[in-house]
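You will see two complexes here that share chain A, one where it goes with chain B and one where it goes with chain C.
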Partner chain A sequence: MNRVKKVLSSKQIVTLVWVIGLIIVWEIGATVIAQTKRTPEYVLPHISQIVDSVFSDKLVNGSQTATQIVLSNAALTLVRAGIGFIIGSIIGFILALLMNMFLPVEKIAFPYLMMIQMIPILGMAPIILAITKDIDKSRIVIAAILTFYPVATNTLAGFKAVEKAKHELMYSIAAKKKDIYKKLLIPASLPYFFTGLKISAPMAITASILVDTLQGGGGLGCMLSQSLKHAMSIYVFWQIVFFSAIIGILSFYLMSVIEKLVSPYKKVRR
Partner chain B sequence: MENGYLNTEAGPLKINAAGEVSTKKARARKKAGLNKDAVMTVLYPVLFGILVLVLWQTQVLHKILGTDTFTLPLPGRIINIIFENVPAILKNVQATVIVAVGGLLLGSVLGYFLGIVAMAFPKWGSGGISIASAFTAVPIVAIAPILNNLTKDLSDDPHIRSMLAKTLVVMITCTVSMSINAYRGFTELKPFSLDLMKSYAASKTTIFLKLRVPNSLPYIFTALRVSVPASIISALVSEYFAEFIIGVGRQIRESIVLAQYATAWAYILVACAIGILMYAILLIAEGVILKGRRHR
Partner chain C sequence: MLRAKKMNVDYSKDLGSDTEELKTGIIIENLSVRFPDKNGGDPVEALQNINLEIKPGEFVSLVGPSGCGKTTLLRTIADLQQPTTGTISIGGLTPREIRLQQKFGIVFQNPVLYEWRTVRRNVCMPMEIMGIPKPERTRRVTQMLELVGLYNFGKMHPHELSGGMQQRVGIARALALRPKILLMDEPFSALDEFTKEKLHLDLQRIWSKTKKTIIFVTHSIQEAVFLSDKVVVLSPHPGRISAVVDINLPRPRGLEIKDTMEFNSLVSKVRNSFEGV
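Let's turn to the complex of A and B:
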């Protein structure tokens, strides 16, 4: 027990040292750039400057501070990303279920599922905006598309990975198809389903931010490009960079937490 | 004739069956089902594709999506535009492919090297790798503008410096997945293989060259399967933010801004073609290099 504790603490220390190391590298870079460039805050500001801007109550665009801008727009972007993510994961799960139940559906959809992975969906963001004509809708649609195929492929892999012996057991006790799915296949596929969710959660957020940059009308990406075009304090840009990075990482861990709550004893062997 | 056909089919089938099913009955069932199965595998998706194309061409698809031929042009028109603009499209494809492939190569080599470093210092290395895996969650949208600003003073030519910035973005996205997988490839060895090497009194260099490097090969391809599509996506997205207006991704956006949706669709089709082509090349390379190895 004591040894386990020791390993854990040392691991945390390793991570801590890495974070501190990264901060030191950043600060050295910032110091060098501060001396060589005319507008260092556009290239690499000190971390303290960014942190200062988070807590400063200076108004950046007349009515809001930098932090208020970031948070209010983040809500706009993340809610859409979240809706798209949920829709996408439901569609993905249902598709995987249908593919497993009906062979023709699998035969039709599988090659296209493989192909869609190679297609740069984010590149299609502008055209989806043009079709839906509404930035909120297109955020949801793109987040949903990006979510649905990792979820579908991973869940299907989960259905396929169930051992033959378990199927035979179900057959031997004359289980109904409904019960096989309810008691065996769906629980067994859950870890794979969550693997899909973990892949797609950061992607849904990236997509949503990217769609923002295409059009005015609020959202993190919109503020990001405005800040880059000198329309407001550059620190808004830096805050959004850090904020989106943190949210991206958090979304990954959120999925892990939900997975632990839903299926605490299962883990994909990887 | 039919008998001969069956015999040639039975050859690969037996090997196939030996790996998966052992009972005679299952093998026989599989043999009978093969032809129908193979036909279904090809026919169904092709039919579906044709159905979608027909719906598209007859504008039923437009009614379903609630759009018009202006924003969603007919497939024939898109193909026409591609053929009419071959030189311009090739120029942009070249820019995108250079960025994607250059970044992919740089990032993968750097990632592999980082994997070696992490393996050499396992205690600090594994911590570094877990930090690196957190970076995969950072949106490309956030990285691209930073690198644009960083590279602004490196060259006076906007073409070169935006090229550099884009390549760096792609490099970063590819480095992470390669370093994680290379580290796993170096450390997740077959049981007892390391003990065997030690019993031969093999030096660390020998272990590295004869055991760890060959062991990491499949992991390299696992990484590439992630980073090849990612390299194209990040190349396209970084073009959105780049200074110099070139590249397939940028042309999609510029065409939309100018309301030339047909041109935008042409570039989207080209982007998809690049993505599928690069993935196909990867799969072929994997098939050749990992021939005779059982894939995980």
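Let's turn to the complex of A and C:
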């Protein structure tokens, strides 16, 4: 009994149950919809049909297959999301440093950060587009805005979580501020910094896709809305949905991998 | 060049003795430390009217029941805690000035290791900050880890060590600095009897070679008597000095001294000066 319980509660099993459950619900939905008069593939195709469409060489917009459309537009979106993410991370980290070094900066900046964070991207995106007048720049800026906040707040929390005793060791040997940051605060807050990155990486991608929908200049989001308007195969839509979800999850794991590579930190397992 | 360095086996030099004049006598006058009560009650008198003189190069132990202010006294000397009233003078300077000259080495009651650094790099860390050149750092780390019996654990991280091993890393780290004033807060409390006795002898040897001033907090009267020139007994609530017992046993002291009459009568003398315990 206990053994069964253990197996059932393991992480992989949970994931598996989730995926299977999702597939079942999906297929029931697809079957029900197929029974209605509408052609099912315009709304909710079977999963097998979507998988088929990935490998099919049927041209859907005259020159490209569904997969080609997704991949070529993905590059456009993801590269911008990546650039924005990197810029946002750097700004977020520097901001955390400044807020930790100078209390007034924290007092002044924090409410603004909260406010920026509360504006929905849907509202912010057109404003940014109007300011930058360039969809590429907007993608980068929006991704950066969404990234810097979780990075800044988490890193700041990391600085503040350093125990007093660890500071006292530095104090007792009259360490300079530079050394305290280099040898204590920054290494100690790395796990927090990466938590920030893990939160914001999928967000940056989502945001970049959202910005695409604003203009017809290509990108995953643009294709998403075009395919919804039946200008293209519905399979493009579903492929993008799955592709984005997978990329989002991968971006999270990529951060974990980078964390393991760069951080000398060993997690305490006790 | 390198060879000549390696051939240098003068142990006294290795342990960082220096001939420069040591102004590390400590004079504590009318020292009081009061902690305000957070709930608005009476403040805690951690230390009240402490007067104590420690000569340069003296080995002094602080003993007393838990909560009597030993750690507080040590922290006040180290400039980690500000006195409410009274003064501390170390060779004519304030604790702060001594701290800024990087003359303190502290072994904390909890080892305070940086868990992202290996044992070696933990011991190394203060030396990096003091700007000691890398080859010298490496040499000292090796030497100190050998001393505390952790040479084979240099590449491990603190959480992979037992409590006693972590404590020894803290000791190695403080010794590697070769501080003029060594402040040790129950450094051997988590160690077994054998390791402890070995380290007692090592510490005595280092102390006699390097002439540093050592203030040593312990709960063990035997340990205090064995190591010290002077045992200071504190009593609690408020923390006051209830006795100072001079230990005039000959040096160097071997473990066999613990079986002598003189030793045991000193232990009794210290024990009898505990108040109300």
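One rule holds in what follows: the second predicted complex is superposed on the first by the 246 of 270 C-alpha atoms of A that agree within 3 Å, B and C clash if a C-alpha of one lies under 4 Å from a C-alpha of the other, contacts with A are read in each partner's own complex, and residues count from 1 in each chain.
As a working rule, a contact is a pair of C-beta atoms (placed from the backbone, for glycine too) under 8 Å apart; a residue touches a chain by one contact, two chains touch by 3 or more.
Please read all numbers here as calculations on a predicted model, not as lab measurements.
Novice: According to the stated criteria, A:P126 is in contact with first (chain B), second (chain C), both, or neither; which is it?
Specialist: A:P126 sits against chain B, while chain C stays out of touch.
Novice: Where does A:T213 make contact in the superposed view: on chain B (first), on chain C (second), on both, or on neither?
Specialist: It touches chain B, and chain C stays clear.
Novice: Have a look at where A:I108 lands relative to chain B and chain C in the superposition and call it first, second, both or neither.
Specialist: Once the two structures are laid over each other on A, A:I108 reaches chain B alone.
Novice: I want to verify the contact counts: of chain B and chain C, which reaches more residues of chain A?
Specialist: Larger number of chain A residues touched: B.
Novice: Touching A:K166, do we find chain B (first), chain C (second), both, or neither?
Specialist: second
Novice: Under the stated touch criterion, which partner chain does A:A75 make contact with: chain B (first), chain C (second), both, or neither?
Specialist: neither
Novice: After lining up the shared chain so the two structures overlap, which partner does A:A245 touch, if you call chain B first and chain C second: first, second, both or neither?
Specialist: first
Novice: Report for A:F237: first if it touches chain B alone, second if chain C alone, otherwise both or neither.
Specialist: A:F237: touches chain B, not chain C.
Novice: Of all residues in chain A, which touch chain C in the complex?
Specialist: 163, 165-166, 168-176, 179, 183-184, 187-188, 190, 263-266, 268-270
Novice: Within the complex, which stretch of chain A touches chain B?
Specialist: 10-11, 14-15, 17-19, 22, 37, 42-44, 103-104, 107-108, 110-112, 115, 117-124, 126-127, 129-131, 202, 205-206, 209-210, 213-214, 221, 224, 228, 237, 240-241, 244-245, 248-249, 251-252
Novice: Which positions of chain C touch chain A when the two form their complex?
Specialist: 78-80, 99-102, 104, 106, 108, 110, 112, 114-117, 125-126, 128-130, 157, 159, 177
Novice: Touching chain A in the complex: which residues of chain B?
Specialist: Of all residues in chain B, those touching chain A are 40-41, 44-45, 47-48, 65, 67, 71-72, 123-124, 126-128, 130-131, 134, 136-142, 145-146, 149-150, 152-153, 229, 232-233, 236-237, 240, 248-249, 252-253, 256, 261, 264-265, 268, 271-272, 275-276, 278-279.
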